[in-house]
Each structure stands twice: as structure tokens, then as C-alpha cells.
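Quick one: this structure, given as C-alpha cells, is what I'll be asking you about.
Chains here go by letter, A, B, C and D, matching the order in which they are written, and residues are numbered from 1 within each.
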């Protein structure tokens, strides 16, 4: 995985096999990248809690709004009913409607959904308009359907891919990043996985190194720069936790973002969507066995660490990108940064 | 207006000229009704705080979620930034994406919005799938754009129109309803207007008369019936109130719904969106003079009464409707009901 | 019970044996009334989910804030952890600290609590300062302890008693009121019980009859009157529902308040605290079986009806009261009101 | 100030004159330390937005709950009315009632408050029961009154003082800490000041250095340790911001806590109370000029940095403490830590 390849390991807990959200058993990710001509730099990233019929087998879920300047749809029903019945689609700000249509195109026609007349499509976004012709609304419902269809477990491609194709983070090229933590058996043995679409600003710090300061690139260094942008964060776990504790876990993801130097500026849409995959916890079963409150703190730490590392990974995986109007966003100078950790 | 035509007047405050949301100066309503063949019974209702460029002249706004089983989009940004930058579109559950696209088609191309790459489209819905072929997604972005374009002040058509074409309320034909209250000058002289898309259940009561009980039609009368459904409520006022007090006003609208016998059942998406139109309060002005907390109570009463009456008006204005699969939903037996008030 | 004694029955569901919060098995109520000299008209009402050690056997709970002009303590922990570990104490606004001390005096010294150094005391209040020398802070921790100690099941005294001794509601004498609903077996057979401390204003309506209008007594009839005041509402149920659905039930209690004509005016502290008593749901058990979302709607209706009737009962049970500075608050003219229902 | 004395400076913005919450003009701090015998290690810290009659001159305020396992009282009214009318008292968990009584003893008898019968006392706490005989409830209302009375501007004593006398943070001695940031004139020139009562756990990091890891002292290093505890954070600013933007600023304080390695574990009560002191913003004035949304981002960064540094300062200012049952909590090994920054 990205940052660890450069000798940088964050936190005190241990990643899972892929250091990815897919380390949570059953979770699948699918991505469609739209990189066409000089101006189209966008795409779709789909995260699926499982690959069965999600409407029929909903999973416990919660949303936490770090800063609500954003267009994430589906939030109020998740908060009210405590569950998720749709794939999670990430895309660009003006393509949220395409995301919803794509979800409906997929879900309404699954076997067993013949009479479904109400479905809570969940679509998040960040604004890739600096590198992408966002007003062109190039993402189509079919791209969304495709991302859902090709979703699979295992390693996840990071960086300039899917919904991260055109994003910018701390002034460097951002993108899709992922990470995970597997708790020791003594703390329950559960896995927490995180996937982010990084597109925000602040004063970058990595593992406590004030990288942004050292590189002289940060928000408010002078008046001209802004920390705006957004971060969509998806947190998955196989721990049997209900909506209430999932919301608490979601809140910790923003603490992970804070550790990277993000400040959730006014113009940033920083959202976390957390879900649990545990079968026995499927709400349709009518019976649940959930963790007690005092068993969730290790999951909090795991969510913080995995979010921090997923964001840093998105920076390490991303490469220079030339896009709209010939604009270029450079990748993080990885060698320079990793050198800081070898000194 | 509907219920008052039948001799039924609710509450202790006085309606404005049209007893409609358009009594709030500047507010405009536009509706497109889709009634085609045997199965299409749906439409679009647009409410505009003013007819200038809303993105450039945002208005203070707030959302209150009575019961969040619904797909209202745009909520988190309204709550975070305290303002509204889009027309409010009401339609059916599976046409929310069309609503968003229609708003973008309209707003992105207004003069002055040439560089807008982020817009918080606001679309609410209720489920008209009993009378309408909702899975056909017959509402198109152009219908939405049309509703915005034809919006105007003055009297508002109620009942089987726009987003209310196919809705059902308390087992009777529901639809669009509206009402308003104008406070006496001694209480500030402000106007509160409400528009609803009624599509929910419970035990109907009108002006304290247990109409549902008398007519023998109510939820849980026997096991088979459900109170599900939804109610979208839009509250407008010209009082200079900020986001926080608008949210408090929005909460009172659900109290108005309660007075009609609605119970906000599990499956009901009961949402309130409240906004203020006061020019001096436009956030772009940078300076505001808002009502003190202790001046808002009369607005609370006005919001309660206008919401109650808007719902009742939707029932009085609606007529029998035949729709999908030959299903028929009868209108409220108005003469029978009004007779209760003459006894 | 009060209103039913006068031939007035509200709603469509059936009350439990005592038409009281104590119809929920295990729930106990204890009240201490302080009526001394000419100026002391206050007291304490304690509601206990069960009579075991509540810190050791917490119950699922939730709070909903209808209007937050009030001093209810304990809310954030209930919302975070989803449970209640303290008796619920109701008293007057300036005696909340005495309520907390009384709870600690009781709870810290229960067997098994020898090492407890943190306890989330829950104390609600309304302002009885019109009839009571509230600034005298006459409620003492020992009064609180006494109310907890004498709490028991069975019939509950209503009206001018405990925390309701000095309260005023709709301009009439308010006080403690209670009511319950037992669902038919086909809807689960659960019981919902409500206890209120009524001390608020608006335009009184009873079973849909606009009583306030008829009697010419309501808020904003002229400029001088205010609807301020507060209402504390405690909702108990034996249905196995978790924090999230208890919060939804709590929200419905405010809809019950709305049906009495309350408007939750700016100066009103309208709070609902809901809890479940189900043994298998005790969080310490580590395993739960909770109702599915779509099974809770009947509980919503029950909560609405029981809250409405509890408030009306508080008015029917209360009697004329003379208090501070010789002020007199008259009881509701019960015969006159009940005559409206016989016409 | 503490950490800066050791050559450690955090963030990119500049502190105010005292690097303290009192850099916000008008803000005063008063502390009473109870260190008696072998077992009493507790106290009171009072923060006053201004030294006039706070009930008569309320200030805009907001609360954000990072993790609600705590007993902060006064939250719902602050959130509803958007203002603060009481000094802010910090003390230990079981002395919150004493805090309320002390506030009432002070406030009810101020000139102009002769008829006040309702006052929203604000008292926060953390649990100092490891070093302090917390069950003894040694803080008395008079201690609280004294802390209010002696409050003043200028330098603030940090470490083992007032409400921080007995607290523990990251396994080291915690306590009271404070810091501030003064924005450059180009960003408005406003000051943000923070005061914390640090009493929580996690994996300490300072300026990005993984100090906890290096020192081998952190939560979940082995199974035995817990990250529980709490952090009360008070944020003051002279920027003209209303409740809504104050709540957004309050949220950033938790991001500052995250940067120190705090994880807001299950048992931690992590609360932020933010207020503005601007005279023209006093709600009684009826007219306000507030910052636009896009002007608040620099305040966010300031709140994050000042919170981070206030926590670190609490660790640098605290000294070894021996308390209840002879227990000893060592201070942070400051020389060892500061050496890490000189390498």
C-alpha cells in the first residue's frame, strides 16, 4: 500500500491483509474512471457492504456530518431508520442525480425488487471542478451501474481513479485512498476499513511531521489560498454495532481527518458514512446481539487511524494530473516526504 | 379557499389575502401536472422564495425532520450554512434525481451563474405509487424546469395538481394544500405561509372534530391498515428570522400536522423546510437585524395553524382520482364533514 | 381517571388498568408535595423505570427536545449511551441542583454502588414561580430522596401534587397528569404510559373541541398574554425498543402536546424522556431483540394519545390554588367543559 | 507559556499576548483549588465571557458534544436560544450540583436580577476520582461563588489548579491548559482563545511527534489500559459570529483534541462550549452584524490550533501529584519530550 511502501506507518494498530476497506469481509469496491480529452477528469467509486440484494438485506448504518457544505443524498433516512439499503456511490458534485438514477437502474430491477417503489439511494460527492469540466455532467447513470456491477473484494486501486480522478488535497493531487485496522483478538478481533475521496485543504501533517509547513504549502499561508474542498469518508466494520454506535464511530473518522491537518473549512463537505456488515445484525432478522458501549472504544481508535492513513494513502497513490484548461496538479513529492521519516 | 368555503375555519389567527404561501411577498409557486393514460398520476410543484437568481441571493433557511423515512435532498447544506440557494421542488419518490437535474438545468444557465460548479438542489417527495406508475419515472428534468419557469404569486391551485396529483391522505384523496396567517401589527405584522404535499395517515381530526372516527376511517382501526405515507411541508415567512429560529418555526409545522391527526408513522417521510424572504436578511448583505427569541412565539402559532389548515385544505380541494391499475381514491366527503360543523 | 370521569375519552386506543404510567409493569412513581405557608407551592415527582439498582441495571432511553428553553440535566449522556441509570426527578426550575444532590444521596449509597464515581442524574423542571416562591429554593435533597423512596406502582395521584403543585397550564391550574395505552395483541400487546408536569400555554383544545376559544382564554387573544411555560413529559413502555426508536417515540409525545393546543412557545421548555423497561433489553445483558422499525408505528400512536390525555388529565385533576402573594389560579371549569361533550 | 517555554510551537498561526483564553478582550478566569489532606485534589475553574451581569447581557453561544459520556448542564437551552446567560463553571463529576447552586447564589442576587426565577447555569466536569475523593463531594457552592468573584483577565495559571487539580491526561498528570490565536488583520484580526480541563486518553502526539509511542505509554498498548476520561473545552472569540457559526467553531475544537492523539473513547465526556464576546452581537441589542460563512474558516483553524496547544500546555504545566490512597500521577517528562524537538 502507498504510504507504507514509502516506509511511513501511522498509528499503533495493525492493518488488515490489503490495508483496504475490502479487508472487512464481504465489502466490494468498483470504480469507473472517466478521463477523456483534455477536460474530463472524473468518475465513480462504488462501495457495497455486501453483494446480495441490499434493499432486501439492509445493513445497520449511520451518517456523521463533519461539515455540511455538500450534497450527500440519503442521509435523513439512514439516520431515522438506522440502516442502508443502497450501494454507496461517490462521484462529482454535479453528478449526484446521475448517481441516484444509476442506483435506481440497478436496484429496481434486481430479483425480488419488482414492487419496490421507494429506495434510499446514497450518493456522495466532492467537487473536482478544478481539473474536470464539472458543468458538463459527464458521469452517466450507466457509469454508475457499471461501477456497481464490477465491484469486488481484494486490493483496491487508489489515487487518480474513479471518483478521485480529478480531486485535489492539501494542494497536491488527491484521489481515492483506503486503509484498514484489524483489532487483536483480545479487543474483539474486528476489522475496520475506510475508503476516502480526498479533496480538501488545511496544513498537511503526516505522522506528526508538519509536512505542509516544511514544504511551504498550506492554507492561509498567505491570503490567497483557501482550505476549501471536501472529503467523503466511508467506514466499514464487521463488528456487530448498531446505528448509534456506528454514528459514534463515524464521528471518529473526522478525528482521523483532523490528524492529517484538515480543518473542515467552510466550503468543505466532510461526511462520514459508517456501516456494519455483520450478518446477525441484518435488521430483517429481527434479533440482534450488539457490542456494549464500553466495547467500542477500540473501534474508535481503529476508525481514526484507518481514516488518517486512507487520506495519506490517497496522496501517496495519486500522480500528477493535467486537466481542464491545461491546469496541472502535482502529486505529493513522495521521496522528499519519505525522506523526512528516514532522518 | 377550500375548508373555509365549507364554513370551517381553524385557529385563532387570520389568513392573508389568498390564504396561501404566496401571501408572503415575493413567494412564487409553479406546478406541472402529469396525468396521462391510465397509470400516470404525478407531477411537480415548485416553490420559489423569490424570482431573482437564488444562487446569488440566497435566503435564510432551515430543515426539520419530523420523520426521516424520505428522500429530501439538500438538507445537510441548508443546516450547515443556514441558507437556501435553489428553488424547492416537490415530486414523487423515484423522481428526485429528475428534480435535481431540472434545477441544475435551470440554475446553471442563469445570468451570473456561468462559473457555478456547486449548487445545493433541494427536492422533496412523497410516494404516489398507489395511483401512479412510480417505477416508470415519468417526471423529466424539463417538467421541473417548466414548473420553475411558470411559478408566480397570487392564488395557488390546490388538490390533485402538481406533486399532489397522485397522493393519498388519511385514506382520502390528498394533494397540494396551502394556507397562511398574517399576524396583527401588535405582534409584528409578519406573514407565515405554508404549502403541503399531503400523503400520510393517522386518525383524521378537523378543528377538533374526530372526523376519522365518525367516518370510521382511520389507521389501526383494524390490523390491515397502515398510517404510512409522507408529508412535505414548506413554510415561508417575511419575518426577519435566521436559521436557528427558522428551524424552531419548522418544528412547529409538525405540531400543525399533529393537530390533523397525523402520527408520523414509521414509513412516513415528514419534512419541513422553512425560509425567510426578508431582503435585509439576505446573507450576501453581510448585515442582519433579526427578531429576538421572545418575538418568535407568534410565528410559532402561525406556523402551526397554517400547516394544519394547509393539510385540511388539501383534502377539501382534492377530488376523486382513478389511477394505476384502475384504483380509485375517493375525496373527503366534504358535505358530510362540513355538516358536522353546522350541527 | 380524570377526563374519563367527566365522560371525555380521547383517541382510538384503549388505556391500561390505571390509565397511568404505572400500567407499564415495574414503573413506580413517588411524589412529595411542599405546600407550606402562603408562598411555598412546589414539590418533587419521581419516576422509576424499575425498583432495582438503576445504575447497575440501566434501561434503554432517549430524550427529545421539543423546545429547549429549560434546564433538564442528563440529556447528553442519555443520547450518547442510549440509556438511563438514574431515577427521573421532576421539580421546579431553581431546584434542579437539589434534584441532582438527592439522586446522588440515594444512588451512591445503594448496595453495589460503593465505587461509583460518576452517575448521570436526570432532573427535569418547569417554572412554578407564579404560585411558588421559587427563588427560595425550598426543595431539598431529602425531599428528592423521599420521593424516590416512596415510589410505587398502581394508581398515580394527579393535579396539584409533587412537581405539579404550583404549575399553570393554558391559564388554568395545571399539574401532574398521567395516562396510558395498551395495544391490542395483534399490534404487539405492549403498553405505553405517560406522565406529564403541565405548565404551558397556547389555545386549549380537548378532543378537537376548541375549548380555549369557547371559554375565551388563550394565548395572543390580546397582546398581554403569553404562551410561555413548559411541559416535562416522561414516556415509558415495555416494548423492546432501543434508543433510536425510543427517540422516535419521544418525538411523538410532542405531537400529543400539539393536539391539546400547546405551541411550544419560545419560553417553554418542552422535553420528552422515553425509556423501555424490557428486561431482555437491559444493556448489561449484552444481547437484545428489538422491534423492527415497521413495528413501532402503533407505539407512536399510543404515545401521542397518552400524552394528549395525560395533559388533559392534569387539567381535570387540578384544583384551584392560592399561592405566592395571594395569587389564585383557577382550575379548568370541568362541568362547563364536559357539557360541551354532551351537547 | 508552557510548551513554548520548552521550544515547542504548534500550528501556523500566532498566539495572542498571554497565549490564553483571556487574550479575548473581556474574558476572565477564576480558579479555586482544593488540595486538602491526602485525598482532596479537586477544585473549580470559572470562565466569564464578560464581567457585567450575564443574565442581562447574554452572549451568543453554542455547544458541541464530541462524546456525550458526561454531565455538562445547560446544553439544551444554549442550543435552543443560541446564547449563554451564566458563568461557565468547570469542576468534578459529582460536584455539578454544587456548581449550579454556586452560580445561582451569585447570579440571583446581582443588581437587576431581583425577579429572575429561571437561569440556565452552565457547569461542566471531568472525573478526577483517581486522585481525588470524588464521592466526598468536597466542592461547595461557596467555592464556586469565590471562583466567579476572583475571576480576572491577564495570564492564566495552568496545570494542577482549579478544576484541573486532580485530572489525568494520556497517563500523565493533566489539568487546566490554555492557548490562543490572533488572526492577521487580513483575515479579520479576531482572537480565538481556548481553555481546557484535560482528563482523557489515547496515544499522545505533540506537533506530530508520536510521543506516546516513543515513551511507550498509550491506550490499548496492552489490554489493561483504557483511554477513558474526559475533556472540557471552552472556546472564546471576539469575532461577531452567531450560534450557528459558533457551533461550527466548537466542532473544530474536537479536531484540535484529535491532533493530540485523543480518541474520545466511550467513557470520555468531550464537550466544547463556544461563545462570542462582541458587544454589538449581544442578543439584547436586537441588531447584529455577523461574519459571512466564508469568513469563518480562519477561525476554524485558530480553534483547532488553540485547542491542540491548550491541551499540550496543560501537560507541560502540570506537575507530579500525589493524591487519594497515596496514588501518584507523574507529570509529562518535559525535558525528554522537548529533546525530541531539538533533534
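Here is the rule we use: contacts are C-beta pairs under 8 Å (C-beta built on N, C-alpha and C of every residue); 3 or more make two chains touch, one makes a residue touch a chain.
Predicted model only: the values in this text are computed from it and were never measured.
The chain pair A-C and the chain pair C-D differ in C-beta contact count, and the higher one is C-D. With centres defined by CA atoms alone, the chain at the far end from subunit C is A. For A-B, the equivalent interface among the listed pairs C-D, A-D or B-D is C-D, as over half of the contact pairs agree by residue number.
One finds 32 Å separating the Cα centroids of subunit B and subunit C. Inter-chain spacing, taken between the CA centroids of subunit A and subunit C, is 44 Å.
With centres defined as mean CA coordinates, subunit D is found 35 Å away from subunit C. Residue numbers of subunit B whose C-beta contacts span two or more other chains: 67, 80-81, 248, 293.
Against subunit A, the residues of subunit B that register as touching in their complex are 65, 67-77, 79-81, 93-94, 96-98, 100-101, 104, 108, 116-121, 127, 129, 134-135, 137, 269, 271.
Across the complex, subunit C meets subunit B through its residues 11-13, 66-67, 186-187, 202-203, 205-210, 213, 218-221, 223, 226-228, 248, 251-252, 254-259, 262-267, 293-298, 300-301, 304. Across the interface of their complex, subunit C is touched by residues 80-82, 242-244, 248, 283-284, 286-290, 292-293 of subunit A.
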